[in-house]
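Next come two complexes built around subunit A: one with subunit B, the other with subunit C.
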Partner chain A sequence: MAVSLAPTFTRTRDRLDWRQGGIVAFLLALLVAFILYPILRVLWISLSDDAGNLTLLHFLNFFRRPLFRESLWNTLQGGFLVVFFSAVMALPLAYIIARYEFRGKVLLQTAATLPLVIPPFVGAVALQLILGRSGMVNLILMDWFDITIPFMEGLTGVVLVQTLHFFPFILLNTAVSLSAIDASLEEAAQNLGCHGFRLLRRITLPLMLPGFTAGSLLTFIRAIDDLGTPLMLNYKNLLAPQAYLRITTIGMDDVDGYVVCVVLVILSLTALLGARKYLSLAEYASVQRSAAIPRKPHGKILALIWLMIGLILGMSLLPHIGIFLLSFSKVWSFSVLPTTYTAGNYVEILFRAPHFVINTLIYTLLAAGLDIILGAAIAFLLLRSRVPGRNLLDAIATMPLAIPGVVLAVGYLRVFHGWDFPGLGAPLTSSWFILVIAYTVRRLPYTVRACYAALQQVHVSLEESAQNLGANRLRTFAKITLPLVAGGLVAGGLIAFVTSCVELASTIMLVPRIELGPISYGIYLYMQSPLGRGAGAALGVVAIILVSIGTYLTHRIFSGSAGRAFKI
Partner chain B sequence: MQAAEVRLDGVSKRYATQWAVYRVSLHIERGEFFTFLGPSGCGKTTLLRMIAGFMSPDEGIVYLDGEPVNSVPPWKRNVGMVFQSYALWPHMNVFDNVAFGLRERKLNRREIQRKVADALRQVDLEGTEERRPSQLSGGQQQRVALARTLVIQPRVLLLDEPLSNLDAKLRVEMRLELLKLQRDLGLTTIYVTHDQEEALAMSTRIAVMKNGKIVQQGNPREVYERPADEFVATFVGQANFFSGRVAHCAGHIIDVAADDGLMIRVALSSLSILPKLGEVVFLTIRPEAVAIHEIGALSRNLNHFDGRIAASAYRGSFVEYEILAGGRTIKANVVNPKGKAVFQHGERVSVGFAPEDITLVPGNSGADLEMRRETADRQVN
Partner chain C sequence: MRRGSLLGALLFFFLTVPTLFAKDVVIVTSFPKELFETYKKSFEAKNPGITVVINSKQTNEGVTYLRETKAKPDADIFWVSAPDAFQTLESDGLLEKYAPPKEIMSRIPAKIGSFPIHDPDGNYFGFAISGYGLMWNKNYLKAHKLPVPKEWTDLTNPKYFNHLVISAPSRSGTTHLTVETILQAYGWEKGWALLLNAGGNMGSITDRSFGVPEAVISGQYGIGVVIDFFGLSAIASGQPVEFAYPSLTSVVPASVGIVKGGPNPQEAKAFVNYLLSEAGQVVLFSPEIARLPVIPELYAKAPKDYPNPFKKKLGGVNFNDTLSSGRRDVVNSLYDHVITFRHKELRDAWRSIYKAEDALAKSKSAGVAQGKNLVAEARNLASQVPINDKKASDKEITGAFKSKSGVKAQLETEWENFARANYAKAKELAEKAVGLAN
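Coming up: the complex of A and B.
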């Protein structure tokens, strides 16, 4: 940032720098302890032999094992397929949202965010009931045509569930990018003789590439680090479930688990670095004078738009319908619809075992609060100070973007297991607080960005003029800065809250005891037995409601530009 | 391609309930430099966009070379447009930007290379082929945009406030360069601007617009020296206004008893319609036609009044005065020959102007004029 502190501060500058330096040191210590060090430990274990010497042997072994080779291949294949199908679904919709204006467009925008409120592993269960081997659709097909279609078998099922869940990332990011393109850029091309599909290919698509890339990257990373979906569908030949199984069944000392973790991080990092070139182009979309005026579609185009909305709205609602039905069912197997209905599932989760819901609220709200504090502090240091080390802080805080939940959990188990944490009298991993830490760390990159964006809106001259009129540093912050950034900070916290509510990967590895588990853990437990599925679904509905509230509030704060909330 | 002529016939365009352009008809000759001049929101850009084909008129017809083009899409018009924002594509380098239209026209590679090189030479940008638009200065971007448009040899060149994003000095340089290019190529050019100085300096003809309508059409001298109404007189340069009744008529010489008690003699041009005795008329006189003398100095002007300097601003090549005379202010711009005394604030002076320098305008409304005078007075006080 070119903005520097006003010269009026020079007298107090030394003391301020010292204080800010202290904050930077404290934050650095925190981030190193809970992000950098655990990851480096995982890396070191995968790279060293028993005597503590550097070796690549474990990685050679990884590639020698057919199971691991297959898992790696499946993970890559799955990730790319999810991105591909998501793009196929999202691109036309993004174009419609950005370029057309018609009655009922809000329905499309809602449809675009609906998949985000249902956790993918909950969606997996629901889709199993509708599209699975003995699900609704296949039972009907069997009845009428005597055939079944294996929608949900193996990798197909994983890709299907993940596509339906993640396509909004691409949709929202692309739509934002598209509507930011200056209208004259396309008009200039038309003026020189270009139109129709060529215009789309030569001008429009390249210009919306940054948004599309951001969305695709997010989708790819989330898809390969998703543990819940493969576990729920009982498909284990992917890297994330392999890492999980290695550590939980063979044990903490199994080196292969660590190697799988490192391979996962390498995949995410490669994707992140590979996409960087296109992401950096994002700057140019922002020098905007006038966006294209949305057109009013007529006739055939309008019909086509509605057909697509119907199709995609229908598809993205399938999991919601399934989970809702299941939550009220007593018996639902080998039948198109549940055979007996009951409210008993809700009684179970709200009165007999209410701790899942309560735990979730405690953990996620705490994590969101911590994220806001950390995010605001880091953003403030980045934008308003010149303390050395602040960029390192930002770099470490961004790392969790590329660290799958499983990997972080493995690192925590390795580092904090087996020694008493000072002041706690027990290992950190035997306390529920480890979950709060994991949630905080995993969502930190998003809140830092949200806070950064909010603080960036407040030009430093707004603060300087308050100081010029006699307000000291603290009063300036309280009366000028805080009111202006509050919305952004809350939105950042909400993103953390929403995504932590349905976090499964690190949760199932880090929950110390059953009664300390949050909703996602409860759903996972209940879904293990056919009799518990109803209660699991009821928990799923609670999760959907929590996430919906959070998402709705985020939208209100960002006033409609939903894409910003999920941007990288 | 041959430069084209452009004709608009009763062209109108409505946004919601408002007419952005209302029944505009005009004829632009081959090779002309024609300017739409007016304040923002007057409909000038809308007109330009209708000629380019980005909008289609709700009423009326646009003709290019005598052919109606209302339903011809922009990409088939071969009408080059330079956008106010330049609209250079950030994902392409300079070469690709300029070559774009040629590739659309399926020229072969060698020819594209030659033409792009020529176009870049024409705008003095050889050697920038590989650069991205973001690596160029504002003036360079402007010239790339121009090259990109000229390289396809459009039959009409449309310029939408192309100089408004440049700094003052560069603007004047580009103005001359643009003019030279246009004259060399013999291009029919339509220029949109709100800058009267630009319009006067560049155009062969100007259409002054207000509220979607053309108020006056003519060459720069006509528009400046014989403004059709009060709006044109104030928008194109500064002007003093007088309203009053005709008190005496003698052929083309009339005497007007102005509302503020001044008696003004006017020598009408032979083209003017003669007003009747007792009729209310509006007069304008440009500040540079107003002379100031020391009290008692001999004046050749028939119209002269005693007054007091109410405000003055030294502008380098001239001095701007406001003189309080007969209960109103008169603006005067006095050319500044070295060594000549500059009048001081409060100094008593005599102002005068020649009857031939006064223009009779059909005033919009007396109330309008009153309001303008009041605001002018308030600014002085």
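Coming up: the complex of A and C.
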């Protein structure tokens, strides 16, 4: 944002610039080493021929092939449909969260994060057991009406599952935007005789548009890059699965897979830049504002609210219900509910393999901490300095949003494996720290955005006043800036923690040995055998509980600001 | 920041120091937890002082991992089912040659059926035999009133439409061998006709081998094409499923190989020796593992009704391994472009054909004869592949899959367009036939 800081800086400008320049250089070196270079090493394949020379042939071939054109079209179509249906689900809930105050709201906010956390594999199995062609719903339908509904087939299935999975992005963003609308604007309209639907249409909707747009674009990007859903539904004519299948197919260095990756990256970055451009036009920081005071609903309205919540969250938490049931089941085959129950699955994961849970906590908390430090530093440079190179930092830090986990993992193996990392006595890829790095990098885009949003809302005049009163920069930062942005920082850390808990794509490739694996890896291991389904689901339940506790605490401590984590 | 890096250095220290003194054997494997945990326990009991370190990865990811880490391998052992994964590693020069002691090797025959159990060059060794077959969910078949399948040819039964599941051969080395078995048992043209017709009957084509038993166990689909131990171990764990070998099937060894330049070569050899010795082989009989040992005399100690691949006439096909591995990329890509990625069109075509045949069988109209001709033509169109077996093994074509020249993209586009056009035409003809029946 073009907030002028010139007066503050004139006195010590040279020294400050030098120091900030050093930080930028250091951060740039970090990001290039762990993001840009590994990714370019992999994607170079798509731009070179057999002799290693530059060629665009592979990209031309992409557009010549009907299969890829079809996949591109399906991807775009799916992305837009997901955004549309997510908006339908999210907007009523966002309005309720922003405008009403009632008992149990924190629970609602916690539950609204859970759809984002569908543990890999078990999520798929659980959803099949409920919505699949021989799932709970269809078995009942078959029994009562002798019909079945193909919820989970083809592109329809992908759109359904992705909608249930990603709609919180729109929900949380819009809710933040709604509660940030200056109440005086609505009051002014009301005083002028504008009420009800007209008020909503003319004042409220336009003002919440920035948040809604941000959420929609994030949903769009996540939907087109999402690999888990199409794979679990075995729908392959989309870009993300085409890239994955071709890259990981045995014995073939299939260049087309990497080309599809690059196309995906371009699509995502275009969407992202579009979003930025739009938002930078529409959103500004304010020194202070009078937020709307939430109403306390009673009677019929309260009942209606809970009905709505029950309906929407009930639907989006179906996989979680399925996972819970599966975790207590021994045999669940072609029946509405499991036929044999057991608690043995929990005994297995808590006593025989507790390291999965412990590792997850260590890795994800470390990654979240690193993300907060990096995110805050980058956001600070973006907003409070004019050092050249800071926008480059931002661009590189955003890239992982569009890079498939597999590509990043292969890049890491390619770059870091051959040599001993200084001070480690072994290659970086032989230690578990590579997982922390991968998680940090994969979630960095979220924390940068969250920190940016938090810092943006602290007007620079507050810091200037502190300095005018004699505080030095460090003291100003510690006493003024940090307390004001802490909520946003923690929110950013939260989303890094939440999504890392179930990160799979890069995990499988990078885990150096089984004892060092996190929960997502443990689930993968258990799900490879018929005996392990229940234990895998039990691990999934643990992941969901960890995430719930994290989210609940964050909402409790920093009420409301957690939503910022999902801003872009 | 500084304290953070100090903490990091400390963590690194505690992490790496213990591994410097203990003797490990690091194993990359795609096998399920039950299998490697049982072996870890029994091997460590017999070899005190050696710790088995497991690095579990899907077969494809394991191969990629070994390739990307070849400059300084972390792993000592590669241990998976699919023979083609070992062939790939061998041609990349990532495996260490080894000759296990004579007293171990003398108890294992050179071949099972026509398939050599060990790599003749000593790069990898078969430690268990696997056959391919069909597993089905008893509850599912009962609820949908479907017959129990026996042969590969049963997969083309119109009754099974939308009830079958298979994994893509490009994704699963074991499925690739099943596809090759069918191609070699019935010949290229008849084999593909069978695969295309069965492909039209598939409800789903998964990308993980384990996706198939999972779908059958949970009852999403009725019948799955699987490797035997998926079926046998599911039965052993109390799931309502059954498994059978078709009469024309091939049996193939699951293997183990030593990684070239691995950190613990002595321990790696000890592990291979253990796996091939009697002590290691009897472990395979445990119900949660349920695999077939390579030492024939051990079957005397097997549980009741245990299949014996050396006695039972399982190897109905004289499996030609050279032919199979030579055209692997072509067969897999062909399967993907005419079946996996065109699954919707293929299913639509076969659905229309079945509908037409049904209508014609019931009809008494004058157009029945003409309708039958149309359906026969439709069947023919939905049963063809764009290249013959000579071309599939042609050096120029197989070479295109190893290069970035763009020939591969061209071939795949041709195949895709061929399939698309044929299936659309077949559907059109079948629909015309329905019109004649009314």
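Worth a mention:
Keep this in mind: the second predicted complex is superposed on the first by the 347 of 568 C-alpha atoms of A that agree within 3 Å, B and C clash if a C-alpha of one lies under 4 Å from a C-alpha of the other, contacts with A are read in each partner's own complex, and residues count from 1 in each chain.
Here, a contact is a pair of C-beta atoms (placed from the backbone, for glycine too) under 8 Å apart; a residue touches a chain by one contact, two chains touch by 3 or more.
What you are looking at is a predicted structure, and each value in this text was computed from that prediction instead of being measured.
In the superposed pair of complexes, A:270 makes contact with neither subunit B nor subunit C. Contacts of A:461 after superposition on the shared chain: neither subunit B nor subunit C is touched.
Once chain A of one complex is fitted onto chain A of the other, the partner contacts of A:391 are absent, as it touches neither subunit B nor subunit C.
When the shared chain is aligned, subunit B comes close enough to touch A:193, but subunit C does not. Once the two structures are overlaid, the count of subunit A residues touched is higher for C than for its counterpart among subunit B and subunit C.
By the touch criterion stated above, A:511 is placed in contact with subunit C alone, subunit B being left untouched. When both complexes are overlaid on chain A, the residue A:236 reaches subunit C alone and has no touch with subunit B.
In the superposed pair of complexes, A:248 makes contact with subunit C only, with no contact to subunit B.
The contact sets of subunit A with subunit B and with subunit C never meet.
Listing the residues of subunit A that touch subunit C in their complex gives 48-50, 57-58, 61, 64-67, 125, 128-129, 132-135, 154, 231, 234, 236-237, 241, 245, 248-253, 255-256, 330-335, 340, 370, 373, 410, 413-414, 417-419, 423-427, 429-433, 508-509, 511-515, 517, 524-533.
Of all the residues in subunit A, the ones that touch subunit B in their complex are 182, 184-185, 187-195, 198, 202-203, 206-207, 209, 281, 284, 289. Taken together, the subunit C residues at the contact with subunit A in this complex read 1, 4, 8-9, 11-12, 15-16, 20, 26, 30-34, 53-61, 63-65, 68-69, 71-72, 74, 82, 84-85, 87-88, 137, 139-140, 143, 168, 170-171, 173, 203-207, 210-211, 213-215, 217-221, 230, 233-234, 237-241, 288, 328-329, 332, 337, 340-341, 344, 401-406, 409-410, 412-413, 416-417, 420. Note for the complex: subunit B touches subunit A at residues 52-54, 73-76, 78-81, 83-85, 87, 89-91, 100-101, 104-105, 134, 148-149, 152.
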